[in-house]
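Look at the two complexes coming up: subunit A is in both, with subunit B in one and subunit C in the other.
Entry: the complex of A and B
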């Protein structure tokens, strides 16, 4: 009986994992095939890998796009974490009148779809002198303050022992000192989890970079891939190679931080 | 205590400096940016999609242009260009907008009418009479010519000679036929070869548009606004043909572009009625060389319907920002009047323009080995001149979404009159 149950469990899990792995497998296999074979649905590895990669690096400036995406993602992640955690910490630790009302308003802002604020934002950046349209800074700035991360850090701060704050104050640590020297090191797992989410969001962000970045040398990876698929006769082998390369950094970030990620997410649920 | 204060000050200071430096590194090199100042910029930018087609055509034009012009050609996907233009133009700030932009003909009116002052009339920079009339209606507004017609979306019936032969048909049998005849042949081909006749995407009614334009009709009337579905005779015929095709069971369904391409690359369908731009995708499957030919597109069985129609096709527009004269001069001297350039366009890019004087050129007569030695370009160019002119109006794709849903009801057995009446009512209430 118990064995039967086990078999059932493993069968189900195997099927589920095949279903979720299949797209990745298909992506990797397609990377080695000619476009014609990809559209025909060939599932066996082919011999066209080097040709695809060569064609990819010949036709588009993959290097520049990777550098741009990396700059944007790293700075965005750093600033998002800094601002989000400072705000989340502040909301949880300090007692201010009307604090919860402000926080609720902030949460409400999560309901507004980005498309709704895109046009005003574009107008705003059109009027800025140094961070204007077609700068990487303009691609970064609107994405660094998000209600989600403030919420995330506030939830996580609930687990943080308030006594440590008291202890820090008694020992004469400044408020920022407490944050940077006590809070930050103890909340490492939360930061790791948030870093993965922020990095992935930024890496895959499409709509805002699309409208705000104009010149080819500012292009990010998702924009480049979108261009590749736009022709009347798209080369699917080449597109798959680009997608594999674009997926690698997020995969690496995830695997490096996986342990912390799980711990951090557990924390936010428990809180 | 002192140490903490020290940390607090320097730490925060350092953090601020690093952040500002990082952001500054990402800011622009020059504060001026593009427009608004009213000064003539040195650089002209152009937005277009598809590196092998439109971008290649622009590059060629840049080489052919004799004046000294710093033209930057920027590649974006078509949907991305639509998104970027809409955002930029609705924000009212023309900053970051290009000087030249390529817009698909069926979308053009919505841009011209929604943003009246955003585009620069370029009718004085070329002779409009040199271009196929069906390209002029969608690219102009209130008597002013805004677009410089580029590629034709002239349709043809691409077919597999071997499959058709096996079923006992020659090119003659497919030339100048009606869709009814096409369906008849399709049934025969399916019965004798087991191959499907056509591949269709249930969510894309492109074939319907091809059918109705061949009879000079569209989803809207000539004013481009009045919804014209309920008493639209060509549309009724098109619906009937569509249903007949589905019921004849020779339609291979596809759900996206790659499946559509796969349908003919893998030899599953016998014909591809489509815009001429599909040719490179067909030619990509080298093993089928010599097995394809192109016949004129079938017509609707109605008076005045012709064996020529249009699918896709786009034109160049100039935005009303500094640099507009330079941009318009460039377009006028290349796409607007250079016959030799059009020969290169056909030879190097395979792009077929709608500039009539170019049609007599040598490159147009060349025989295409892949298509069994047929002079494909010359044929397409001939059909281009017969395409009936219609006003696509503003709402082609919005109306088509409604029709796609109603089409499913029709296929399930709903009465055709009711189907079109319901679609008309929906479209009217939605587009008010």
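Entry: the complex of A and C
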């Protein structure tokens, strides 16, 4: 009986693992095969990898999408962390009842579905001169300030030794100096976890770029993949290469910094 | 002293500080918060108010005029909206419970201290979380295609004799969407349960075993009640996520066949950017999501809080 249960457990977990991993294996294998072979259901690695990559960069301009996605994700991550941590720090270190009320109000924005603000945002950017529709700036701006990261950094600031603030003041540092010279270096782990989430959110973001970026030269990777996927006679080898490239950064971060990755994903329930 | 600490957040010497210094720090504190508060007001609260105003207007493109409650009345006789709403509820009622039960089940199995290859199983089941929604949606579209691997596999096993039209049959298309979302998010939920399980006192299970409780009884009488807060949290997250479902439907079925898989978010997108743009009515539909998010979150709190 015990043994039967053991076997059932292992079988069940193995099947679940295979189902979870299979699409990854399939895209890796298909990346190296000709489109026809992918259609035939070939599950062995082929020799068409370089041709697929060449076609990807030559015919559908993956290079531009890669550059756009990278620019957007890097700037977004940097600004998200800066603004979010300044606010989280401000709410916790300079805590007053008034600020707590503002904090609770800001948290309410987490309940707002993006679809509900998408149209007014689109119209708002439609009237702007330099941040208007079809600019990378417009793709970045509304995504850099989220209540989630303010909340995340406030929770993490609770673990920060507040004596250090006082020590900094005695040493004659300005308030901003304390933040940049003391707080920031001691909170590296929190920043790493937040950076992973912010980068991933931006790298994978689809709906807002779809709405705001229109010309092909502004296209991000998710937009490119979506366009390729919607085609009537898809080149499977080429599309799989694009999907592998799109997945690579997050997969690498996951395997290299698994702990931070999971900590970041669960950040909202910490503390 | 403690009152001073609370007001200014300054430990120790705070009470000796002059009033001027405290006011100055309070003022600096506001500056730290300023950009974030201004940004959230501009990019969340202001658009929310604009969307509310829009929801009472109608017209093509920029030519909008106030029509009172007309848009809200139109909802009830709009078959596409009703289809989108129905689909969303089907996803909610079928997919969310399946996923949560599966995730709970995995986490209980993985929480066993004597289990081998635990790290491998955990990593494997969590792995789908690293994919972007668009990327995995396109993969699933191909896997479930008429000549896709799922059909080949099922035919090899002689479960079906001819290929199924996963993406062009209204029922099967919904199954495909549900399967895809479950694949992507089960591991994510599992991680929350696993970490919560680590805080459950092992001696409770020992005591239950001595009393002769079966694994199923242990699961329902110890695990589920102990994990209740986190189950509530994940079901709210999943509910909000499902109400906003867009990327998968857009890229796997494009809402079809007919409107069999259309989600509310996708309908809003179509109303604004695919059909001749009707921003007013689209805003009305978007407020339905807002109302549903608030109502369902409250409902889940109430249901979960009942026996407290």
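Definition applied: the second predicted complex is superposed on the first by the 227 of 271 C-alpha atoms of A that agree within 3 Å, B and C clash if a C-alpha of one lies under 4 Å from a C-alpha of the other, contacts with A are read in each partner's own complex, and residues count from 1 in each chain.
Operating definition for what follows: a contact is a pair of C-beta atoms (placed from the backbone, for glycine too) under 8 Å apart; a residue touches a chain by one contact, two chains touch by 3 or more.
The structure displayed is predicted, hence computed values, not measured ones.
**Student:** After lining both complexes up on subunit A, report clash or fit for subunit B versus subunit C.
**Tutor:** Aligned on subunit A, subunit B and subunit C clash with each other.
**Student:** Given the touch rule stated above, what does A:142 touch, subunit B (first), subunit C (second), both, or neither?
**Tutor:** Once the two structures are laid over each other on A, A:142 reaches subunit C alone.
**Student:** Residues of subunit A touched: more by subunit B or subunit C?
**Tutor:** Ranking subunit B and subunit C by residues of subunit A touched puts C first.
**Student:** Going by the contact rule set out at the top, does A:194 touch subunit B (first), subunit C (second), both, or neither?
**Tutor:** In the superposed model, A:194 contacts neither subunit B nor subunit C.
**Student:** Kindly classify A:211 by the partners it touches after superposition: subunit B alone (first), subunit C alone (second), both, or neither?
**Tutor:** Touch partners of A:211: subunit B and subunit C.
**Student:** Between subunit B and subunit C, whom does A:232 touch in the aligned arrangement: first, second, both, or neither?
**Tutor:** Only subunit B; A:232 stays clear of subunit C.
**Student:** Where does A:113 make contact in the superposed view: on subunit B (first), on subunit C (second), on both, or on neither?
**Tutor:** second
**Student:** Pick one for A:41: touches subunit B only (first), subunit C only (second), both, or neither.
**Tutor:** In the superposed model, A:41 contacts both subunit B and subunit C.
**Student:** Based on the superposed arrangement, let me know which partner A:172 touches: subunit B (first), subunit C (second), both, or neither?
**Tutor:** In the superposition, A:172 contacts subunit B only.
**Student:** Determine, under the contact definition given at the top, whether A:73 touches first (subunit B), second (subunit C), both, or neither.
**Tutor:** So A:73 meets neither subunit B nor subunit C here.
**Student:** According to the stated criteria, A:134 is in contact with first (subunit B), second (subunit C), both, or neither; which is it?
**Tutor:** It touches subunit B, and subunit C stays clear.
**Student:** After superposing on chain A, check 145-153, 253-261 or 307-315 and name the one in subunit B that bumps into subunit C.
**Tutor:** 253-261
**Student:** So which bits of subunit A does subunit B touch that subunit C touches too?
**Tutor:** 39, 41, 118-120, 122-123, 141, 207, 210-211, 226, 229-230, 234, 236
**Student:** Okay, in this complex, where on subunit A does subunit B touch?
**Tutor:** Interface residues on the subunit A side: 35-36, 38-41, 59, 71-72, 75, 78-79, 82, 118-120, 122-123, 126-127, 129-137, 139-141, 172-174, 176-177, 180-181, 207, 210-212, 214-216, 223, 226-227, 229-234, 236.
**Student:** Which residues of subunit B touch subunit A once you look at their complex with the stated criterion?
**Tutor:** Interface residues on subunit B, with respect to subunit A: 1, 4-5, 7-8, 11-12, 15, 19, 22-28, 31, 33, 45, 49-53, 72, 74-80, 83-84, 87-88, 90-93, 95-96, 98, 257-259, 261-262, 265-266, 277-278, 280-281, 284-285.
**Student:** Touching subunit A in the complex: which residues of subunit C?
**Tutor:** Subunit C residues touching subunit A: 6-13, 25-26, 28-33, 35-37, 39-40, 43-48, 50-51, 54, 106, 109-110, 112, 115, 117, 120-121, 123-143, 147, 149, 152, 183, 187-188, 191-192, 195, 215, 230, 233, 240, 243-244, 246-247, 250-251, 254, 264-265, 268-269, 272-273, 279, 282-283, 286-287, 289-290, 293-294, 297.
**Student:** Note which residues of subunit A are touching subunit C in the complex, please.
**Tutor:** These residues of subunit A touch subunit C: 5, 9, 12-14, 16-17, 19-21, 23-24, 26-27, 39, 41, 83-84, 86-87, 89-97, 99, 102, 106, 109, 111-124, 141-142, 144-147, 150, 162-163, 165-166, 175, 179, 203-204, 206-207, 210-211, 221-222, 225-226, 228-230, 234, 236, 239, 243, 246-247, 250-251, 254, 258, 262, 265-266, 269.
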